[in-house]
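As structure tokens, here come the structures.
You will see two complexes here that share chain A, one where it goes with chain B and one where it goes with chain C.
Coming up: the complex of A and B.
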């Protein structure tokens, strides 16, 4: 029973990580029709920001986390003007090469700057344990869950009620109609990319203390995030988030009964199964106009 | 029909990268009039409207609104000054309600009259009134066309560009759309420039007609003149050159 509860929390934490990254991917694809192959590297970047702030500048964890988010917003702005804006109305091949190239540059820059050896970060919340029933759970994991919930509530409110959020949905639904009513696709693009980077930043700042930080750390996560985006119906943010949690929970469930090596087989086997039955994903619309 | 033109094009050139489509287009339109643009498929009719709205940049020549040059302005700025467009094909937000679509039509406005103008649109297009909460994608083709015209009207334009408003409409809806367009021009003083495949019907409700051929204006005149011009009748209206022929 306690094992199950622990695994449930583990599954939800992993699901949060996948969901925060998948949401940004789905948002950028849904609004701008750009597949951002560098998205995982933004997760890696935010982990390094956290590492730098905590070890080089000796900032406490609770101070470093908001600074990481600010740094990610600025990085998103730079990323937008340097890469995305230039390929926004170009062919998908060009977009693919541009974001893939950035991903490679970021990974290799990280190797040059920090070396390939993994780094460890201690969050003070990691060693604080709370008892829930019979299970002992680290406060860090609870913070991850709370911060994820807050992030998605904020994202939902922005998309639903704010002027820029409405503009983002408008561009996602019909880019030409958006231009006709005077919505600037360039401004919407900036907001979308910044939102995606900030979400990846939340993931990096909260979850990296639970794992290790190294240049290739995104590889394992991004493939799950892509799976979530595909299963969720490409470009559907809610679908991607729900699918990400499903993947996290499925992994946790599999590892309670089987050796952990099987988890990926179940996740990707599940993905293939879903796509066989529902080619547009669990929550996908049938076609985009 | 001698008045001050609201929109004036002078030797406008435009295209896509190396591909030149408009090669010196000049004409003017007056407030409260309907002008139909006709031409073969791929002649550059949509490009003309997009160039006037600023979705395509003119490489040469001048576009003037009320005598002021707007050639260098972005679409958002042209919209602010009073040019609105309903592009070819579906041009609404299919997952949003009729009401939300109309609100987005007023995206560039910040004044307090938006609600009242939306009500005015429901008055103008009564078929939309009963469907305020319906998702635009679930409306019929004719209703979507009405919605898109209403969205463009939300900016209170001086010049409205309509790209094939009758596309995919039933003959009955087509009559309704055309008579609404004429009433808009007469009633609101909006100048309407529309591209139409149904050239005969479009010219019947138009004050003027313009033919685009090889990137230039090849013929222009009043709607009635165009309907009786032998070259135009043969090439674009699918009618015998002689209007008295059987």
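Coming up: the complex of A and C.
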């Protein structure tokens, strides 16, 4: 029972990580129809921002986290103007390759600059333990869950109620029609990419104290986020988030009975099974014609 | 023959240059670079069959390469059956594995296909790492002996680097030969068709899955053979050999070379085989520089090296057809704003030769219902079309006309109802099966294969309509002219005023001309019943008139036609009978003039 509760919390934490990254991916795909293969690297980038701020400038964790988000927003702006805007009207294969190329640049630059050796970050919240029932849970994990919930509530509110959020949904439905009624696709694109990067930033800033930081840290995570995006129905943000939590929980449950290497195979096997039955995902949005 | 030789000359020159390299530069350093470059050539040329020819971005290619390497390693370290057996097992097994992966993966949209194959690649790597008893996991399979190649007169075992070099050179030459054979035959046309427009291909009787699997499987088999060589060459096979990092390199080569261009991919493979050595000076930055190079290439020269080849050709005044039309890399070519003036068109003979329709074509639709989410697009629709009749479906926008056509032609599954063609229940048949049975449709938006010429568009359509066995036998034939089919193609294109456009990329034609090409494709093999979706929408009056005349002429020859059209003047002129739809239900049916005079029909159209 205690093990199960702990695994439940672990699953939810991993699910949060996947969900924050998958939501950005699904958002960028949903609005701009761009598959961003560099998305995982933004997660990695934010972890390094955090590491830099905390070790080189000796900032406390609570101060560093908001600065990381700001840095990620700026990185998102650069990313948009440097890459995304230039490939928006190109074929999807070209978009995919452009973002893949950027991810190669980012990973390998990180390897050169920081070395392949993993780095550890100590968050003060990590060592604080609370007792819930029989399980002892680090405060950091609870912070992750709370911050994830806040992030998604904010995202939901922005999409639902703000002008830019409505514009994003309009562009998602029909880019030409939105442009025709005067919505600036440029601004919407920028907002979308920045939002995606900020979400990846939240993931990096919150989760890296729980794990280690290294240049390849995003590799497996991004594949699971992609799995979540596919299973959730390509471009469907809510579906991606739900699928991400599903994957996190599934993994946690599988690892209680199987060695963890097999958990990954289990997840991808599950993804392929779901797609065999429902090619458009569990919460599918049928592809636009 | 002379033309073939001219086309092959650069390749043969390249092969000759590669063959003399060991004598010009016999140092082990250059030979190793040469061997590694040739491995990249094998993989990249095979990979381009998938990425460039059928337009599917696969991340699973290294799986097949690694599969071949493991097969060779296991056979050689256990019972040692020799190179040929290893190559055969690797190729056949690689093909089978690719089909097993491809069938579920190609069910996905192409975006998801890319990520689905990435999932497979990840699983493969996990298996290689963890299945200790077979792969040795991270301990690798070591001590793989040199390849034992049985030849008619002796046993050949490549020991020196030079001998190894010639072995992989032979494998690379074989790979290029096989790929060239595939794309030089009619199946190459089918590859392009499925890449350009899989929906159109399906509605013409070509099964996109089979075509894609052929390319995917051939690429897998070829990569597996390269894997067999690599296992013997390196003497050790590790889980890294199935690593997805290979894909990145292959993608770079395919994109920098220019997808779908053999010469571009070859050039890029050679550059990327050699360049890492040149970048040795900046060793630790090497991969980052690679990535940056790729990024700059796709942002600035989306067609890659192929574009440079084309520019050189143009500068030298060598015409020649673009091997990689810009449309592949840069998305659909812009549609010319206005249909070109039709002054150049020859007068159109309106008579259609006898035998333009298969007998039959009687269609019965009963209780057809189709809902999208909460919207009922078609609600309990019943209608009948008799053999030889020309019936028009009309109604305001959103009345369910196109949905009805989509359901009849198998493009969208429907919720209830039965569709019967000449007494046979065809409900639930796939578009390809329906097309082969003689139920053919056109689309409201022009759908043509933009990178193929009008002639090739019609060849593909004719192949698709043929019975499956005959279709596949035809795929093995050359893309060149065949007297019977080409005479018919020339005849139809001539009748539609497209004779002069015959061998230009269809993407360069005007909107109206493309619509005519689509129409020609639908009748290249006489259909049993033809469903036309707004043929006149968006075309100029001259082309509109051609359509009208052709519709009447084909119908007079006995072709059953269902016409969906907004131009009521034409509809009333040509139809035997009208069926009026409003909000998914039939509100009137009968003789055109009588129906149009009815008050509730006018109301549906014009409002009260």
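Some observations on this one:
Quick note on the criterion: the second predicted complex is superposed on the first by the 288 of 289 C-alpha atoms of A that agree within 3 Å, B and C clash if a C-alpha of one lies under 4 Å from a C-alpha of the other, contacts with A are read in each partner's own complex, and residues count from 1 in each chain.
In this text, a residue touches a chain if its C-beta (ideal position, glycine included) is under 8 Å from a C-beta of that chain, and two chains touch if they have at least 3 such contacts.
As the structure is a computational prediction, the values presented were derived from the model and not from experiment.
Taken together in the superposed arrangement on chain A, chain B and chain C clash. Within the superposed three-chain model, A:276 lies in touch with chain C and out of touch with chain B [touch as defined at top]. Put chain B and chain C next to each other and count what each touches on chain A; the higher total goes to C. In the superposition on chain A, A:170 contacts chain B only, with no contact to chain C.
Applying the stated contact rule after C-alpha superposition, one finds that A:181 touches chain B and leaves chain C untouched. Once the two complexes are overlaid on the shared chain, A:230 sits against chain C while remaining clear of chain B.
Touch criterion met: A:262 reaches chain C, while chain B stays clear of it.
Of the two partner chains, neither chain B nor chain C is touched by A:88.
Within the superposed arrangement, the part of chain B that overlaps chain C, taken from 93-101, 129-137 or 165-173, is 165-173.
When the two complexes are laid over each other on chain A, chain A has no residue in contact with both chain B and chain C.
Within the complex, the chain B residues that touch chain A are 53, 55, 74-76, 79-80, 84-87, 89-96, 100, 104-108, 148, 151-152, 154-155. Of all residues in chain C, those touching chain A in their complex are 51, 55, 57, 104, 107-112, 114-116, 118-120, 122-123, 126-127, 129-130, 248, 251-252, 255, 259, 284-288, 290-292, 294-295, 298-299, 302, 328-331.
Only residues 29, 35, 83, 86-87, 89-94, 96-98, 100-109, 111-112, 220, 223, 226-227, 229-230, 234, 261-262, 264-265, 268-269, 271-272, 275-276, 279-280, 287 of chain A touch chain C when the two sit together in their complex.
Residues 166-167, 169-170, 173-174, 176-184, 289 of chain A touch chain B in their complex.
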